[in-house]
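Okay, so chain A shows up in both of these, paired with chain B first and chain C after.
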Partner chain A sequence: MEEKVLEILKSVLELDSIERNIASSNCEKWDSMAQLNISVELESEFGVTLEPEDIAALASYEDILKILKEKGVSDL
Partner chain B sequence: MSLFVFRNNTVERFFPKDYAFSGYDDISVIPADANGYVWFYQAPVGYNREASVKEIQGYQQKFNFVLAQIDPNKTVIALTMEDTYSVPFTEDDYVVRTAIEQYNAALFEAEKVNANLKVIDYFEFTRNYPVADLFDWKFYFISQMGINPKLTKDFQAWWNRKLESIALKRKKCIVLDLDNTLWGGVLGEDGISGIKIGGDYPGKAFAFFQKSLLQLSKAGVILTVCSKNNEHDVLEAWEKNPFMVLKKEHFAAYRINWTDKATNIKELAEELNIGLDSFVFVDDNPTERELIKQMLPMVSVPEFPAQPYELPVFFKQLVNDYFKVYSITEEDKKKTEQYKANAARAQAQNSFTDFGAFLESLEIQITIEAANEFNIPRIAQMTQKTNQFNLTTKRYTDADVKGFLANGWKIWCISVADRFGDNGITGCIMVNGDTIDTFLLSCRILGKGIEKAFIKKILAMLKESGIKAVKAAYLPTAKNAQVADFYDRCGFPCVAENADGSKEYALDLKSADLEIEKYYHINLK
Partner chain C sequence: MDFVNKKTTDLNETELQDIVTLFNLVFNQDRTVEILLNQYTQNPFGTCYHTLMYDNNVLVGHITGLPGYYVLNDKRMIAVNPIDLMIDEKHRGLQGFMFLVKKAWQYYKEQGVQLVYNLPNNNSHPLFIKLKCTQNIGNLYTYVLPFRAGGIAKSLRLLNFLSIPFCWAWVSFTSCFASKKILKFGVQRDYSTFLERRYKRFDGNYSFAEVKGTKFVYKVMNYDGKRTAFLIDVYEKSQKAFCEAVRYLLKYERKNFDLILYVGFLPFLNPGLIRIPHKFEPKNFNFDGTILNGECISEEDKSIYYDINNWDINLADDDVI
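Presenting the complex of A and B:
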């Protein structure tokens, strides 16, 4: 799951490389449009439904892992 | 800047990354440096029906305003509007729908009088999805999205197809198998009256498929046949089976033999003078399809349906994927006739030993016409589609050509007729000042020296207008090697040969040989 999430972030944010500390605060491209795009990709990839509150709270890689785990996405 | 999108909702993720976007329902800025514009307004969301109607009418006015501001030499693509989520409170409440219909009708009306406007039907995309999939309130509320973002990939694929059809990048020719493709059963086993065509199912489905293909050929797609059969049997079936829709005369060429299909298709490409990448191969046999995919990877090979009743869906897909164009020109409609006349010409050529005498016998009529409102669409189309006899391979739209004319370029097109038929407009030349920007001819008219007669005539006309010397260039592509030394052959001195294979020429018109053989009858219009 973690690799998949990193892959999604890398592709949506159009980055050449990605670190696990990535967050909207340290990535210029992580704006509100990117936030939406990340949410849509996560929903499609993991088959979960993210509530608007969840989407608003997605501000870092760590946040994403936390929310996905709450939604019952397990580490395969 | 690539294309600039006017929009009233969040649509960024549906379009390529290099597009730019207006503010929401903001028409105050019309960037002049955009290559083109997109108008994508979605129906307003809300239950106040009257307010929605007013809003839609407002969109229409805004569109007209924007269109009037845009440089008429730049393309504007407008999407129609769809009512994807409105909820009328009574069964007889059509006000919003009527307003949307009027909005769409207004777009199509505007298209008729604005050559740079192309309207595409958004319904063609939306009808593939149930309403619940099209619109997602969650994404509307958090991000003002008028379409469900989950449809992004589908939308992008559809959008690319639309852009391609606007740019006329379509295939030219279908190669059809016969047994279990154009009719049910095997001719060699079931006989002329035993094959399934016409009558009840499945013959009915095959007849429908043949009728569909016939209409496609009338729209300018060239039909050919490649079948493992005895030629004699097939000719007899075409002639004698009363239910046969597609007969010998509908095919520009055919290969009915036991040679492998890759060899046959290569021969068809040579005979018709069409690149292999313009071919689509339709065959029910997966082994044959695989052979072509491996041997001729540039040929498109769609999957074939397992059941005859699936043929209409298959046909629709075929049209969408390979043959859809924005509009059809008169030349397209005559194409099969023209390709067949070429085959007749090739046979006539066999009976002459002196090539000059052959050309004389053809009674070649060349008409040179300056670019005008009527031939500009065809000129633009030729710049998009001509690959082989094309010196610089620059692709232009209608709007580009009009822009060049406005900037003083001299642009002519050529029509060629001979005693076997009229090929219509089949070449053009564009001259910017003293430089030949574009020179191209359709492969259909090659082999008769017309290219030389055409350019000499143009050079003579330029000389008459006071031009002393002209510049020209050859820019190599994967497909235009046959014209690498065209200017050399016409006596242009080469002044530079570059590392990328391109060549530059300069010709002094005073000393140039502009003599044209008398058997080319040239008319100026």
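Presenting the complex of A and C:
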């Protein structure tokens, strides 16, 4: 599952390679629109509904894992 | 982040200057405090509702609610149009955006505002929707009459001999079949309070005319390098009324413009102008909104509000012209 999250990030952000420390603060391509697109992909991939507060908080790979865990995506 | 809510009339000099500085920085403009004050006070309330976002006592974000009276299903209510939404580059992000907008909505509600209608650009529209700050209402259309083709693109100037007679013929043709039936709208501005101050904004250089009982407002200006006659509003609205307004512009203003533009939503196809399909529009006009006191508004009124087919909406409702 962690790999799937990384795949989503890599695909949405159009990156050739990706590190686990990726965040909006260290990736120029991670802007507001990209964050929205990441949320859409996460909802689709993991079958969860992200509330506006969750979407706004998706600012790093670690944040994503934390929020998905809170949403009951267990095998992370 | 710290947030401060204030009416325009309560802003001190420092706050006003900070708003102007941020505005000019974000929008690359050169506005003065006087210009912004004019924009914020020429409305039926004589004031706007500001939400300011601070980081370490530095203004980093701002949004203004421009209030007016609107009539929803025959009931007069207070609506605001959120304008001048700006966040400095360092603080941009979904979290700041959402906090700023939600704080603003809460403030508007405390001020007795019931409705928010919003004409956001393509960048902020998906943020408003996805973050559930607003619901989509629809898209405005752009209606055009390319009177002098050469004025729109120099390479087309040889086509003037076609475009000019075409426009005259088009207006005459559509006018023959135009209905005189005056449209009724489920949601529209309250004209009795709207007209008094709306057209004192910007340079106040708007033209008013009346032909056969049709009143309309327009502005001839240079827009994107093109001499443009913006037909801003026609009231009351019928297909015939639009044709009369367009014919008036052709008759009395044709030396001053190369094309006529109307941006809005009309429930008929040819108001003397040609409706551009959304996919060919040079600029999209998104339209969304929210109801702040949903518990006091009936389900029927909500469904009216969230459907553009019920709206009398055009550039008169916005703050871009």
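The working rule: the second predicted complex is superposed on the first by the 75 of 76 C-alpha atoms of A that agree within 3 Å, B and C clash if a C-alpha of one lies under 4 Å from a C-alpha of the other, contacts with A are read in each partner's own complex, and residues count from 1 in each chain.
The working rule: a residue touches a chain if its C-beta (ideal position, glycine included) is under 8 Å from a C-beta of that chain, and two chains touch if they have at least 3 such contacts.
Here the structure is a predicted model, which means the values were calculated and not measured.
K.L.:
Given the superposition on chain A, are chain B and chain C in a clash or a fit?
P.N.:
Once both complexes are aligned on chain A, chain B and chain C clash.
K.L.:
Between chain B (first) and chain C (second), which does A:44 come into contact with in this model arrangement: first, second, both, or neither?
P.N.:
first
K.L.:
After superposition on the shared chain, which partner residues are touched by A:57: those of chain B (first), chain C (second), both, or neither?
P.N.:
Second partner only.
K.L.:
Classify the contacts of A:36 with the two partner chains as first (chain B alone), second (chain C alone), both, or neither.
P.N.:
In the superposition, A:36 touches chain B and chain C alike.
K.L.:
Please pick the stretch of chain B from 94-102, 184-192 or 292-300 that overlaps chain C when the two structures are superposed.
P.N.:
94-102
K.L.:
Which chain A residues lie in the overlap of the chain B contact set and the chain C contact set?
P.N.:
32-33, 36, 52, 55-56
K.L.:
Residues of chain A touching chain C in their complex?
P.N.:
Residues of chain A touching chain C: 24, 31-33, 35-36, 39, 52-53, 55-59.
K.L.:
Taking the complex as given, what residues does chain C use to touch chain A?
P.N.:
The contact residues of chain C facing chain A are 92-95, 97-99, 123, 126-127, 130-133.
K.L.:
Name, in rising order, each residue of chain B that touches chain A in their complex.
P.N.:
Interface residues on the chain B side: 10, 12-13, 17, 138-139, 141-143, 145, 149-150, 152.
K.L.:
So in the complex, the part of chain A that touches chain B is made up of which residues?
P.N.:
Spelled out, the residues of chain A in touch with chain B are 14, 32-33, 36-37, 40, 43-44, 51-52, 55-56.
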